[in-house]
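So that you can tell them apart, the chains are marked A, B and C in the order they are listed, and the count of residues begins at 1 in each.
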Amino acid sequence: MLEVDIALRRGSFALQAAFRSDAPIVALFGRSGSGKSTIVNAIAGIVRPQRGRIVIGERVLFDSDRGIDLAPEHRRVGCVFQDALLFPHLDVRANLAYGERLTLPAERFVDRERIIALLGIAPLLHRRPANLSGGEKQRVAIGRALLASPRILLLDEPLASLDGARKAEILAYIELLRDEINLPIVYVSHAIEEVTRLADRVVVVAEGRVVAEGDTADVLSRPELNAASGRSEEGAVIDARVASHDPRFELTTLAFAGGELVVPNVDALPGEQVRVRIRARDVSLALERPSRLSIQNVLEASVVSLGGEYGAIVDVELRVGATPLAARITRKAACDLGLVPGQRVHALVKAVSIDRRSVGFA
Amino acid sequence: MLTAAELEIIALSLKVALFGLAASLPFAIAIAFLLARKDFPGKTLFDAAVHLPLVLPPVVVGYALLVLFGTQGPIGRLLEPLGIVLIFRWTGAALAAAIMGFPLMVRAIRLSIEAVDPRLESAARTLGAGRWRVFFTVTLPLAASGVITGALLAFARALGEFGATITFVSNIPGETRTLPLAIYTYTQVPGGDAQALRLSIFSVLLSLAALAFSEWLARRRHPADARHA
Amino acid sequence: MRRIAALIALIALAPFAWADHVTVFAAASLKEALDAAVHSFESSSGNRVTVSYAGSNALARQVESGAPADIFISADTDWIDYVESRNLAVPGSRKTLLGNDLVLIAPAASRVQVKLAPGVDIAAILGDRRIALANPDAVPAGKYAKTAFTALGAWNAIEGKVAAADNVRAALALVARGETPLGVVYRTDAMAEKNVRVVDAFPAGTHPPIVYPMVVLKRSTTPAATALAAYLAGPEAHATFAKFGFSAP
């Protein structure tokens, strides 16, 4: 169980954050500058809060009331940073060994060969960081943190410096880590897709405060998320189960509490649980069930509420069975259709808009 | 090529410069680290004090050394019972030489420490390294080129040190008559010009060699080493 | 109003309107005495005088290199000979100004007693400490000391114990600070420094007489220089010098 309750002031920035989690991965989600990196730095011991408590399991890392403040080297916290921060004067092998050597044999529980194999970094061992690609650096950085046998792994925007293909690559490794290594992970990111894919539990941080905390699907569907992630990201996250595959057209049918979704091929076996993110801007509404339409997903929904009275765009809160969904349409359309709360409508979701990035594995 | 007397002078110069360098290097590194990484009240004043030998006339520095480290001076009086006498001795010449080159060393080392990404040091701490280990395994190796440059600059400066030396420890053959003092002595005596010239040429060659070596080292080291990868 | 002020200033400065500037190079040991004499000259003649003090050897070389001096006063004959032999002095301008004594000094608090006679064992008194002299190879005060000690048979023993200072005043400072137990300077220097005491004077005959010759330099273009030279050789200046301990030539 990770418990964090801290207050910190740095210049004009004031942070007051409290949350707890015993999930395998907890994500700290929010905009740049929201304070999520500061929280992680406080857990690592790199910055010191003015006041508060940080506990991992039974280990108290920081407790201002009792005068406890463990130095970073005693916290057994593994950190992976956005810029990898590999030691440029050491080769990969020496970088990996840096923390490992400082760990007492009795405390080591990470098998070096296994980690090297898991991360696929064996061919890189004798290279210098300057000769590594961004993705390779991050993998080495993850390996280095793991080989120090930490009690918890902190990943601070590890994908932010990578391009699309690298991001996907490292994301897969992190999913692997989550599943293969029995280590709690704190994942800091401002990218909702990453959070959706990886985390069971989300803590939303905005302007130095925790504004939401809970299960991923639940938290990320809430409208107040707009401020934290930017308006265009408004949407819903749906827990679903893989029902079947269509090999001919390479599609997958997902079943959720409210209906079914057809999406491009999801790489999972029938019965597996997934999380699906549907952006509000990808949802259209119709009063009648349309016919001869390319859109694969037509869901029976009812309007819960409508957004603001101004601007060109309005967000419509829907309910598909028991599952919340959001649709972003023009205010004119809402007016023309005469939408009112309680009204029954059809929500149209293009299968194509639910891509690989929008589906995460629970 | 060189006479025995000349070799003795050169050997003394090298001894004085090297000993002064070796003794002051740890202090220079420590002070450079303090100035690069720490904030404390009076830091600006401290920084200015470190740079004093660079801007003061060498004779003033020599006089200050005489007052402080002479047998009647406050520090000299403490050192004497320990058997450490600086005045009229080559150790005093080494002190004068080291002090004159000290600010150059501190500047160069400080710049290279500042160029080391402090986040690398944080990363090392999270991996289990204490502050001292971080300094010796991460900070110092990455700042090495600055340390070497600073040391060579200070060494070249020490080789040419005159004003502070002659004011503090006088001009004693075999003890404090380093290359610059020897050259000066030869210019004082009518007919000593040829000798002075010989030693001058050698002095220039020596300093050039030190500086060229420093340049070569700076170029040889991978420029990317100074920044994080 | 402003015009009247300017007129008054002009009248007040009139004596200096045609004032000349004289530059004198003089041996370091003359400082206090020469400053006083020069000051009197300035007030009575209205000319400005600048004096540069250093070891006579350094000054001679500067003159040789073309330094803009009008008058050169050395602490021994060697360096005046040097300047004359290079044709830098106005022929016939050489005058011997002053005399001085050579003395052995010790820090004021020291109680050491030494009689300077043939066979004196200075080395034993020094022990493992040093004796402060002006550079015995080049500076007049140092050369006199070396000659004197040689005459007394003490030079060989103390040659390795010499702390050679740049000029006689620096040697004086070392003794005054107590860095050396003994030193050799001119009597006039010893009198100027209250932190030293005279232990003994070197007997006549152990060294050539200490005289301060003066020459006017050829490159001098100002008639005030000749006037100053005449003044310095005259009775008024002599009285001033005597106050500081200098003897007649």
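Methods note: a contact is a pair of C-beta atoms (placed from the backbone, for glycine too) under 8 Å apart; a residue touches a chain by one contact, two chains touch by 3 or more.
Computed from a prediction, not measured in an experiment: that's the story for all the values here.
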| item | value |
| --- | --- |
| Chain whose Cα centroid lies at the greatest distance from that of chain C | A |
| Most extensive contact between chains (C-beta pair count) | A-B |
| Separation of mean Cα positions, chain C and chain B [Å, integer] | 37 |
| Mean-CA-position distance for chain B and chain A (Å) | 55 |
| Euclidean distance of C-alpha centroids - chain A vs chain C, Å | 88 |
| Touch list for chain A against partner chain B, complex | 44-46, 71-73, 75-79, 81, 83-89, 98-99, 102-103, 128-130, 132, 137, 144-145, 148 |
| Complex interface listing, chain B residues touching chain A | 117, 119-120, 122-130, 133, 137-138, 141-142, 222, 224-225, 227-229 |
| Residues on chain C engaged by chain B in the complex (per definition of touch) | 55, 57-58, 61, 82, 130, 132, 135, 137-139, 162-166, 170, 174, 177-179 |
| Residues of chain B that touch chain C when the two form their complex | 66-67, 70-72, 87-88, 166-167, 170-172, 185, 187-190 |
